[in-house]
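The data blocks that follow each hold one structure.
In the two assemblies presented below, chain A is common to both, partnered first by chain B and then by chain C.
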Partner chain A sequence: MVWVSSPWKIALMVFPAFILFTAFFVYPIVYAGGYSLTDAAGFSGADFIGLDNYLALVDDPFFRRSVSNTLLILVLSVTFLVPASFGLALLMQQRVRAAGALRALLFGPAIVAPILVGLVWVFILDPRVGLLNHLVEPLGIPPVQWIGGDSLTPYSIAVVFIWASVGFAMTIFYAGLQLLPREVMEASSLDGASRWQQLRFVTVPMMRETIGIVSLLLITNVFKIFELVYMLTGGGPVHSSETLVSYMYFVTFTDQRYGSGMAIAMVVFVIGAITSLAYLALSRRGRLA
Partner chain B sequence: MPGQNLSWSRRLRRPVGAGLAVTAILSLAACSSDAGEGGKTTITLSMQNADVKSADPATWAIVEAFEEANPDVDVEVSGQPVAEHLQSLSIAAQSDTLPDVFWVYKANAEEMLEGDRLMDLSPVLDETGILERLPDSTVANYTADGKVFGAPYQGLLTGLWVNNKILADNGLSMPKTFDDLLEVARTLDAKGVVTISDGASQSAFSVWQFLVWLDRFGFQDKADGLLDGSEKWDNPDFIRMYEHIAELRDAGAFSSNVSTQTYQQAVDQFLQGKAAFLDSGVWAASAIQESEVAPDADFWRGPEFSDGTGEQNIVMNVASAPLVVAKKVAEDDAKLDAVKEFLEFYYSDEGQQILVDNGQPPVTDYEPKLDPVKQSVLKTAIDETREDGVTSPESQPDLLFPVDVSNAIYDSIYGVIQDQLSPSEAAALVQKALDNQ
Partner chain C sequence: MSAPVVENAMTRRGRTMSGSPTPTPAPKATAGRRMRRPAILISAAAYLITFLVVLPILWITLLSFQQSDTILSDPFSLDSLILDNYRNVLETLPLVQMYANTIIIALVSVTIGTAVSFMVSFALTRMVFRRRGTQSFLRFYLLSGLAVPVYVLLFPVYRLDLALGIYGTYLAVIIPYVAVSIPFNTLLLTGFLRDFPSELEEAAIMDGAGLFRICWSVVLPAMRPILATIVIFNVVYVFNEFPFVSILINDPDLATVSLAVSRFQGQYTVDYGGMMAAATLVLLPQLAIYAVFQRHVIAGLTAGAVKG
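== the complex of A and B ==
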């Protein structure tokens, strides 16, 4: 009898993945972490400066703005995107006319490159030439600064992000719903459960894993938003619509402050990891309860 | 005998293998040497535009003419957008694999010179007679530790392009002072016409006109102090300059989508006759020449300020970022000769006329030949530099500082234009960047 699960065989099989993981995940993080402790600026040498880059971030109003914008987009996305995509998946499960075409239509934005999504929405949201202001103008509403103004830009980015992601999330929910055992649903019907009760006490609890996965993907995607900001506003006016990643790009590549940029990258990594782990922990607690 | 054959085959295998290896090494050496196919020497030229042929036709045309005149030299041109270009240079500088000739910001060039990555061009520029044809201020600007590290890539002649028809249609005449400009802005805003076309999205650097304003508020006198820390950016003169930008903004001078439109869209706005002025430079001359606004186009050096503290009668006509040469070029005689020939051609009268033919002013003392009809737009800009008493600052203010300070300067100007920063906050933003150096 040959035991595949002997320790050295397991180690051998894990080794290639371990090498790849180390090379493409662990090493870049360690490298970025190391650089974040230097004053690297590209063309000159990098001197060790300890935590100065991190301390400077605390005092950087643009960085604080990028954190608050990212968190705002995160909250809006989790609040609206998860229920909306779940609701759409439930709708798709019903016998809807042209359901396939509708699914394809909803999934469409997910396969469009974010840079193009941004470009399309510029023509909708631009305060001067955008479609939206042209539509509301006949109603006597003055032009609104959907993007490029003081306050609405992060909300607009969240709306575009939700629009671009809803089809993808819906598809995952739809696949999850297809896997639910029919017997359980039938049994609940026989027990006299209403549609709402079925949804609340049967469907949602059984979909908890899928909801967790979608939420996790959503959280990580929000922390990666770059192209939408780049196309919609370029991070402006004066960095007021930056997200963490777009500001990191600006600091690293436009300002050529590589050390500071890597410090932001580490902060993004830590915030993303903590948020994801916290969410997973909460989900697990909910499952065990 | 099979055994004997095998033995011969084994005996032959080693020398044949060795011969093949030597041949391969020699072939590779031949490929990597400067003398390429047909005895040609290859030099690499790396620029700050993704598509040099279309985005920088002047450089492209010079390279083509140079190759035609020097069939023994092949110039490999490559280009990337500025940020990517600088990032690639940064990596190449660390591994000493810089291109032979390349465009780079002055501050970055100084860092590379300090890191011993750049060639001292003094002997080359002296030997080829280029040095004496360049303005003293340009040579001084590109000199550090007694070494000339660069030569001007193109001229930076900036100002406001004017659509005279819009002014005339609205009963306005060409402004001269800031108060005149303010009046123009108020009148045009009331009629729904954009006064100054600017675009901040992905092009925060497009504030050339306001960089001239800094000089009109004493930048030249303060430059050394700002660099050594004895002078502050948030001084009363600069704050007053920002206040004037705010006045212009409040008069409705800028487009309501200045935040979201790019520089290219700002250019389009002007070319379509939807803005009275365009904040730009001579590089826009060709596009204007080909547009419908060409017959009405004019060039203005910008307003004079009654409360200004610097020279008022100035136009920004300086060298832009430099072309530099990697130090390793000096280690290869063939390549060094090719680079010398290239630079000699670039700054020759023929090279400078190619610049002019492609909408760029000359960077040497060459007197360009301008077609008054086909180059009427460029002519207006060059004529502006020749008006009585008009002088130029030695350098554009942002080009004297490290990139992050330059970005802070752009942010401070657009911050006021977009009503995100008060004048004092704008000045403080740049001062903070200076303090961080």
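== the complex of A and C ==
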């Protein structure tokens, strides 16, 4: 294709994307990195203070709480979601009437705006108007503070995240299962493998790569949980239910402590980069270079 | 990425569904009798789980027909269902404007994002750079964006918008949406173009076609499926996006659907019925569109799974 490759034609094709991406994606990261080293806040100027913002984060109880909440949600949801969605994909492979429609319904939550997911779940979890407390009330159980109390919120957020992700993860597993060579499955059942043995020694080992991909995807998604917190509790009471990202948003935009906000943003950036690179390394189809 | 995998599985499923029963090895005739009971249990489990997943949606739909004090006292009651909530919401909620704002922003940003990504992907896979190193570096540079959580960009982009004087306008979100879409679009487009034979284009060049003709009338028509995936993924992203729009748009008249939803709790406070009617009015069109384009949406979103 040398014929159409004069330098100015190449420039014409490359520059729009290159400039937009550099100005609104790469430059902002550099800008955030730079700001994280200053004491910028409100309308005051920005003085260079080295790594002080990062050091201050270590002693910030709200930041530590946001990290532990995020990790709690991560552990709860990933350890539950991976086996559950895998099992669900296996279930959907069986003879079930209208399985296609069921799969479509299960995937449904994945297309609903996270902000709307949050609003919907307010009406499930809210101690006063929520469905859950209406259900436990007749059993004589006093209203439970599923959200807005000082301990249960991260667990509830994990449940909502599971709700929103289970069909999505199931769909990827299901696609992977469909692509398993049928001969191997038939051979193993001819050899007298029980269903359990087949699952344990044939299906799961062959799905190892997909299991890794789904796990990493869910991990990256947990670190992006923001709208759920925003709608369910706003991070309260007293920042006890913040996640990393929601606390970054609060520090930067509500408190206007831009320097520390950007330090948290850089923490989010590093975590995101590591998990995404692990993901790309694992899904070999995503050759970078 | 996972796009082709999912797409393959989808078409395979389509074929097997219409013809033979299931893709799994059919149970042996002798096992047939013993299979009965587990088969019923399996179906029951599948339906129960699906019901639990759909339940929250059914719940808010029910609430949207209740009076607000019934929601507090006896929300399960089916005696006093009303339509007043919808009447109120249609009067108080600028539905048309919300959707118009969102559609304008989505159309412009997705069109520009797809166009510039296509151009750079064509250059990366088809054009001959004087130094090959430049080409592979450029691809690596754009794709590295996949690893970045967009939250890092929020504050810097806010400052950029202020500096450029576009803060609070449609452009304030359109430009970042374009920038954020470039890595993923480039990944899918370069992947597709690499596997796509260039004979057609070479023939067109022999016929004297220029660069624009080649792109517009030869390559683009052949790329329809992958373009559909990209457009759907990006449109869903723009419709659901909240962090950027919550910071960059301050004028309620320019609010997108997501931004409007985030204000329902403040707007309707204790008018729970109204809030649920508003939520239902936002949710139902989205689910209806999903129902129509289901297969494309699933392929698009699972392909988008690689987005950072």
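Throughout what follows, the second predicted complex is superposed on the first by the 240 of 289 C-alpha atoms of A that agree within 3 Å, B and C clash if a C-alpha of one lies under 4 Å from a C-alpha of the other, contacts with A are read in each partner's own complex, and residues count from 1 in each chain.
Convention: contacts are C-beta pairs under 8 Å (C-beta built on N, C-alpha and C of every residue); 3 or more make two chains touch, one makes a residue touch a chain.
The shown structure was predicted, so the numbers you read here are calculated from the model rather than taken from an experiment.
Asker: Touch test for A:239: chain B only (first), chain C only (second), both, or neither?
Answerer: A:239 contacts chain B only, not chain C.
Asker: Which partner does A:24 contact after superposing on A: first (chain B), second (chain C), both, neither?
Answerer: Touch status of A:24: second partner only.
Asker: Touching A:150 in the superposition: chain B (first), chain C (second), both, neither?
Answerer: first
Asker: When the two structures are overlaid on chain A, which partner does A:218 contact: first (chain B), second (chain C), both, or neither?
Answerer: A:218: touches no partner chain.
Asker: Between chain B and chain C, pick out the one touching the greater number of residues of chain A.
Answerer: C
Asker: Counting only touches as set out at the top, which of chain B and chain C does A:256 meet: first, second, both, neither?
Answerer: In the superposition, A:256 contacts chain B only.
Asker: Now for A:230: first (chain B), second (chain C), both, or neither, which partner does it touch?
Answerer: After superposition on chain A, A:230 lies in contact with both partners, chain B and chain C.
Asker: What is the contact status of A:127 with respect to chain B (first) and chain C (second): first, second, both, or neither?
Answerer: A:127 contacts chain B only, not chain C.
Asker: Using the touch definition from the top, say if A:96 reaches chain B (first), chain C (second), both or neither.
Answerer: A:96 sits against chain C, while chain B stays out of touch.
Asker: Give one of first, second, both or neither to describe whether A:43 is in contact with chain B, with chain C, with both, or with none.
Answerer: After superposition on chain A, A:43 lies in contact with chain B alone.
Asker: Residue by residue on chain A, keep only those touching chain B in one complex and chain C in the other, then list them.
Answerer: 122, 128-129, 230, 253, 258
Asker: For the complex, which residues does chain A have touching chain B?
Answerer: Against chain B, chain A makes touches at 41-45, 56, 122, 126-129, 143, 145, 147-150, 230, 232-234, 236-240, 253-258.
Asker: Please name which positions on chain C make contact with chain A in the complex.
Answerer: It is residues 1-2, 5-6, 8-10, 12-13, 17, 21-25, 39, 42-43, 45-47, 49-50, 53-54, 56-57, 59-60, 63, 71-72, 75-76, 115-117, 119-120, 122-123, 126-130, 136, 138-149, 151-157, 159-160, 175-176, 178-180, 182-183, 186-187, 198, 201-202, 205, 210-211, 214, 236, 239-240, 242-243, 247, 257-258, 261-262, 264-265, 272, 275-276, 279, 282-283, 286-287, 290-291, 294, 297-298, 301-302, 305-306, 308 of chain C that touch chain A.
Asker: Tell me, which parts of chain B touch chain A in their complex?
Answerer: 83-84, 86-87, 89-90, 93, 108, 111-112, 114-115, 117, 200-204, 255-262, 402-404, 407, 411, 414-415, 418-421, 436
Asker: Quick check on the complex: what are the chain A residues that touch chain C?
Answerer: Result: residues 1-5, 7, 9-10, 12-14, 16-18, 20-21, 23-29, 31-32, 35, 88, 91-97, 99-100, 102, 104-116, 119-124, 128-129, 131, 134, 163, 166-168, 171-172, 174-176, 178-179, 182, 185-186, 189, 213, 217, 220, 223-224, 226-227, 230-231, 245, 248-249, 252-253, 258, 261-262, 265-266, 268-269, 271-273, 276-277, 279-280, 283, 285-286, 288-289 of chain A touch chain C.
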